[in-house]
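Here chain A shows up in two complexes: once beside chain B, once beside chain C.
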Partner chain A sequence: MTTAAVPRARPFPRLGGLHLAAILAAVIALAPLLAVVATALGPGADSLTAQTFARYALTSVALAGSVAVGAGVLGALAAWLVVMHRFPGRDLFAWALVLPLAAPAFATAYGYADLFDVAGPVRTGLRAALGFDAPLEMRSLPGAAIVLSLAFYPYVYLTLRAALVNQSVGALEAARSLGRSANGAFWAVTLPMARPAIAAGMALAVMETLADYGASSFLGVQTLTTGVVRAWSVFGSTAEAARLALPLLGAAAVLLLIERLSRANRSADVGPSRWRPLPTQQLKGPGATAAFAFCLALITLGLLLPAGWLAYRGLSVQPDAARLLHGGLNALGLAVVAALFTTALAASIALGARKSRLIARLTSLGYATPGAVMAIGLLAPAGFLWRGLAGAAGGFGVSIALLLLAYAARLMAAALEPVDAGLERVTPSMIGAARMLGQTESGAAWRVELPMATGALVTAALLVFIDVLKELPATVILRPFGFDTLAVMADYYAKDERLADAAWPSLLIVLVSIPAVIWLTRRVGASRPGAALGASQ
Partner chain B sequence: MSLQNRLLIVLSLLATLAGCSGEKGGDDTASSGQVVNLYSARHYDSDAQIYDAFTRDTGIRVRRIEAPADQLIARMKAEGAQSPADVLIIADAGSMAIAADAGLLQATPDAGLESRVAANLRDPQDRWYAVSRRARVVAYDAAKVRPEEVATYDQLASPRFRGKLCVRSSDNPYNLSLLSALIERWGADRARAWAKGVVANMARPPQGGDIDQIRAVGAGQCEVAITNSYYYLRIAGSPAAQDKALVGRVLLAWPSLDGRGAHENVSGAGVAAHAPNRANAVRFLNYLLEARAQGIFASATNEFPVVAGTPMPDRVARYAAMPVDPIPVGAYGARQAEAQRLFEEAGWR
Partner chain C sequence: MTALTAAGLSKSYGARVPAVDRAGLELRHGRITCLLGPSGCGKSTLLRLIAGLERPDAGEVRTPDRVLSDAASFTPPEQRDIGLVFQDYALFPHLTVEQNVGFGLNRLGGAERRARVMAQLERVRMADRADAYPQALSGGEQQRVALARALVCEPGVVLLDEPFSGLDGRLKQEVRAAALRTLRESGAAVLVVTHDAEEAMMMADELALMKHGRILQTGSPRDCYLQPVSPEAARLLGDTVELAATIRDGRAETPFGALPAAGSGPGRLVARPEAFRIADSGAPVRVGSVSFAGPFVLAEIEAEGQKAVARVPHALAPSSGDLVHIRLEPAFCTVFPD
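For the complex of A and B:
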């Protein structure tokens, strides 16, 4: 008990509880990252040449840059169309455009690589028709940029849509009354005010790209993450692998900073006019057709085409239903528990570390850390437990507990962002009122702040849930005996070059994620003050 | 209902759920029966057939964790003396040797094992034994390539195949072990020159797996592809019409390394240094080398048996007795890093 630290002493200061919880959560999230840095400082000569390192780094930059632009343009265009316009199918597209988020990037990569393989149906057909091989190679840098942009554009779509839905009608009307046209008001008011949201979405997409290994390695693109894996698996040097990861951690820190700064000036609020419905523009003729076609194409290319092709391939094999069911239940159980656990930790950080924003930011770094690096970082603290506690290394409970801690460390950003945003709605005067009515700081957090941020907590839990279903590296290296998840099974089959078998667990991940994704997107739609839950925007 | 009450309900539900799954896990460890704990880096689904047969025949339950070799090795290192692993299985002799040299395996001298596994296919200190074999050979377009053009590994680097060769990326263990063997036989300079020749011959940047390379030959993108034998044999054993047509056009060549035979690699198995169930581990190792398990390796994964006289499907039998380089396969481990460096110097991505 840190009684001495509490100024207005009560016999049992509950004030400390919140801070202790925040510290504990921060330790959990930071332990693997600190282990990575410690490992990087360890001995071990570098075996990768500067030239090879430069090649990996440039490829990473090129891929991340193209995905930022690709996902940014696709996601922003979609959000602008759906929120600011009326056209056929808009209400359906509003939530369906998020669906590609349900598909793991590696599954989208499986589908595209196979569909556009030199021996696949598209190029074989084109060869027969044209007489030469069409240069449609998905296993290439441009191919990977396309696949990852299609997989990650929903991040930009979601953040921008939320910003547009919550934008101020007052500012728009002011611009119109000052003589701007509808389009002019968009360029002069809406876009500048939404720019932070686009930047935040692009930062998320870039972080996902930097952390990705499954999709880009399957597509034959060698990034810094390839270097990490090579240093570890071929040269046997975790120290070198960790050193290669430092630039990635640095990049992640910068991206988080961008995301943070962009959120700092987001709250330009013009009073109660927010409650009025947004003015939308009715699209007609070619405009409506183009909007419809664009949204349909995005969903088709982001989900329906790759998943459909995988499903078709899957039909050629008899799936092991019992194993799939087992893997599915394991994945589902883990994802639910991890979602609640991580959200609880994120809430403690958001509430208890209000004055130390830097620590709170740092706990998000795990999100952009490549899986292999995270695995290195996780093994060090896990090793202490395994070696120190007899029976821990083979134990089911300990393994599951370690997995939950690993997911929390890896996915804290996904939970912390929405929780933070949700708590921003609680004004200091509300907390002050609660305190004046006799609540402790924890009491005010529990009775006032958390209930007001319920929606944000649900959003956080859903994001973590979806991410855990796709998670691979931590699961592979820390899981207990005989414990398969859908993602592990898909990876296992893909490694053995059995794409048809890999299709089944991949598609099951999509099926399990879809309800969560729909729930998530309806929450955003309903987030405009005054909108009924479930009402489309 | 207030948020607090809802949270409490959810948490108690979860506690119940966790209790159930914990019980299931507890049952796993606490059951009165015998167990053997496998750490396996083999990624073949059909291995479950062998484990099930072992449990039926011995009553010993098989518990397994599957992960890539480097991760299993790292996990065993982190677990130290507390590691629950009894047996480590890896589909690459080089990685097996690396695990042994890291002190993760214990010597299991056993007359039965030694008599069944040729001396070059096991650790000189008896820390691991090969349990199945595969060769890294060549698939070629029968319409464009004559068999004598792919009779040696040198020929793959010759200008004859400029822009006509398909192969996967260099960090794959099968490519690393191939180049390790070439370094052993030829020395680093000649091995590097060979790698450069192969890079010059590539029809496309390395991508995909071995089956993708074979299909690329079928699609006409390249004339020759480097592949593990069992991937070709898997296609050859497939009932699909498309696959039957493919193996009609694309044939398997058996190149020779300096007249000794094809480059061979193995899946190896060894008893973990701190195996809690050592007796079961030794029994499991022996079982992998008995006729039933050897037969499953041949029929289900199209690998070549280690033990002579194993019954196997015709497509496998056709190649199982082909000549292979009798190099001690454990030597690949010490050469792995050097091989990767040579690949990078040669520009083999």
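For the complex of A and C:
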């Protein structure tokens, strides 16, 4: 069969608009990372001693390790209680446990630092009762670990909850029929199957910890990330900042690998038993009380207490309404534009690079990269642009553009995930049908693929919106001069020890984020297999 | 009149055996061609090559006026004037029935488009469900909408990929009869891909048999059934009995009887089970097991160490162990020299 018709060499693969857009999006995601590496290896004043470097790195490792354990235990326990048990308030807790994600970590840190300040209510009270000062300083490494664990446990909670909800009832029932008790089945089947999900959730929590600037710097913990911002803002050295960022890039790659590998092992159970409700255990008496108390405590400590204390402090001052309004509009505008821009890029990757998982993988490297590192990576090309576009107006535009690029590079992967999932509903034959009915490839994308993924696109945009609203380090580094967002204002007030003033912008962020977080959680809940398929199944 | 010609089409995925291997077809206006083959034989790939959803490695697809694809050029699917009904119907879940059917008419104005769509929906008796979403329709209704969507653009060629395989039993027959009527009314050249031999023979004006990526035989269903070009082609259209034969003096001799044949030497006689008639005289055979098969009886028969299965009317059904005489019906037999 090789003799008759020798196939001609294929002409160049056609590069449609979609492919070009996907490639552009991938370049946007990767360029800052490459720039960081280039800058770090390049020349530049170096005041960084090996000793300082090691201290930053060790602090980062210690903080990340403690948060991994803290958030891992809290989140895993909460998910196990909520999915596998019935107790009073469970349905409410199921989504309310996610709410701490609405608060930026720095807001939680402000609340705790002030509550446990030497002159704060807790220690003053304890001093009066005990006669000595209890060692409850939040402005310390253990304090930061506690604060960030409370802020980031929802990542573990969400991934494990999804894994438990989607677990195979068949496997559980098989374990029971083979003589395991309900508890035995949990240890023998559920937990081993859920381990990858816990690992993925912990990897996310560690990524966020390494990315954190606002909380760590306020609590006086000098991590690599705070070092990056310091190197740039205090010493004005991009090269030094980039050198500090290098290990963070490495860590990002490793964490990403852990997260992806963990998820690759997701069970591919498609048996009919999958759609049956999970067997849950009814908790009674002390068990029910303990479960209720634990969940309530988690939400209280993660959100209600710090936010409530901030609100209380905030009410003691007259807010600068004009500045707040200004900062609020800046933040909203920026977040909306970034959400649209990033979602559009994610959509073009999803549509244009459907078959190339490589591009998707490369962009997810951006997600694991701290915002401060992204910003440093964009500063090098920024210098170019600034020189090219002299004048304040040009400078403002360039700054905003760089900020949008930084957000996009960092959040594209987060937006890509729901968009990809949404596009899975579009079968190849639907695209084929659109083509046969006269649509070009991009016509099919516009008229069939994107409309079918509307919900997913909204989800993606909301994810980006919330994250941009809370984002601090990249915004601090790249924003145009005098352009304040709510997060920047909060950081500025907090550094001035004007905590009551910092409370207002922080709480505004929380108030705007809460409805979005609730909406997102509801959608995740509804995406339980079979739930959305309705009558056709 | 020829509507579309495919010639020498090849397509392989990776290094394995090609999915489609130098396959050719000719589709004519107003005629229904059925492409029949077992699953995995490449028939769906051939259809996708004709539709333009895949690029052929070699070969040509053309209409009388223009080349759709050859070594030098490739017309994208949206410019081919070909309608395609997918096996899973591929209705757009975010659009209503009316919007689905009107999808390909987006260049027409609202009123004209609506009129065309409703007329087509009328034809497939789905006009009353115009505002429904596909998820709310039954399988048969979805099939009718998919057909309407492909036909409303009045394509010169309509391709259907296993269009009835998702339906069962009674519903399948009804939907098939209605679809056949609509397709004939459209005057288009129709290609139906199926793995169901009975369906293919009932529907087709023209049959194309495919296996291992190659077209084995084309012709009317009757010719293909009664005059297979190879044992392989014969097997595709129904049960066969294959017997070793000796060809000499213009006759092929088997233990079950002899038939006229050309050539000489060893050969093979391929017969349909209905070729074996129980008669008063003829080759003596021993009856093995007898099994009930609805409208007829299947009897295993044996002579000189060769076995066959005969399809016998109930009135003539033998019992296991009987000695009966068999005559071969030449119309249902074909001799192939080795």
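In this section, the second predicted complex is superposed on the first by the 416 of 537 C-alpha atoms of A that agree within 3 Å, B and C clash if a C-alpha of one lies under 4 Å from a C-alpha of the other, contacts with A are read in each partner's own complex, and residues count from 1 in each chain.
By definition in this document, a residue touches a chain if its C-beta (ideal position, glycine included) is under 8 Å from a C-beta of that chain, and two chains touch if they have at least 3 such contacts.
Just so we're clear, the structure is a prediction, and the values are computed from it rather than from any experiment.
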item: Partner chain(s) touched by A:Pro451 [first = chain B, second = chain C, both, neither]; value: both
item: Partner chain(s) touched by A:Ala54 [first = chain B, second = chain C, both, neither]; value: neither
item: Touched partner set for A:Arg425, first chain B, second chain C, both or neither; value: second
item: Chain B versus chain C as contact partner of A:Leu511, first or second or both or neither; value: neither
item: Which superposed partner A:Leu325 touches (first chain B, second chain C, both, neither); value: neither
item: Which of chain B and chain C A:Gly220 touches, first, second, both or neither; value: first
item: Partner chain in contact with A:Ala380 - chain B first, chain C second, else both or neither; value: first
item: Chain A residues touched by each partner, larger count belonging to chain B or chain C; value: B
item: First, second, both or neither for A:Ala434, with chain B first and chain C second; value: second
item: Touching partner for A:Asp133 - first (chain B), second (chain C), both, neither; value: first
item: Common interface residues of chain A - those touching chain B in one complex and chain C in the other; value: 451, 454
item: Residues of chain A touching chain B in the complex; value: 47, 49, 52, 113, 117-119, 123-124, 127, 133, 137, 139-140, 219-220, 222, 226, 229-230, 232-236, 238, 316, 320, 333, 336-337, 340, 375-376, 379-380, 382-383, 386-387, 389-397, 400, 446, 450-451, 454, 476-477, 479-482, 492-493, 495-498, 501
item: Parts of chain C lying in touch with chain A, wherever the complex brings them together; value: 8, 10, 18, 21-22, 48, 51-53, 55, 57-59, 71, 76-78, 80, 82-84, 86-88, 90-94, 103-104, 106-107, 135-136, 149-150, 153
item: Of chain A, residues touching chain C in the complex; value: 1, 4-8, 10, 425, 427, 429-430, 432-440, 443, 447-448, 451-452, 454, 534-536
item: Touching residues (chain side chain B, partner chain A) in the complex; value: 2-4, 10-11, 14, 17-18, 21-22, 24-26, 28-29, 37, 43-45, 63-71, 74-75, 77-84, 98, 169, 171, 176, 204-212, 215-216, 218-221, 231, 240, 276, 336-337, 340-341, 344, 349
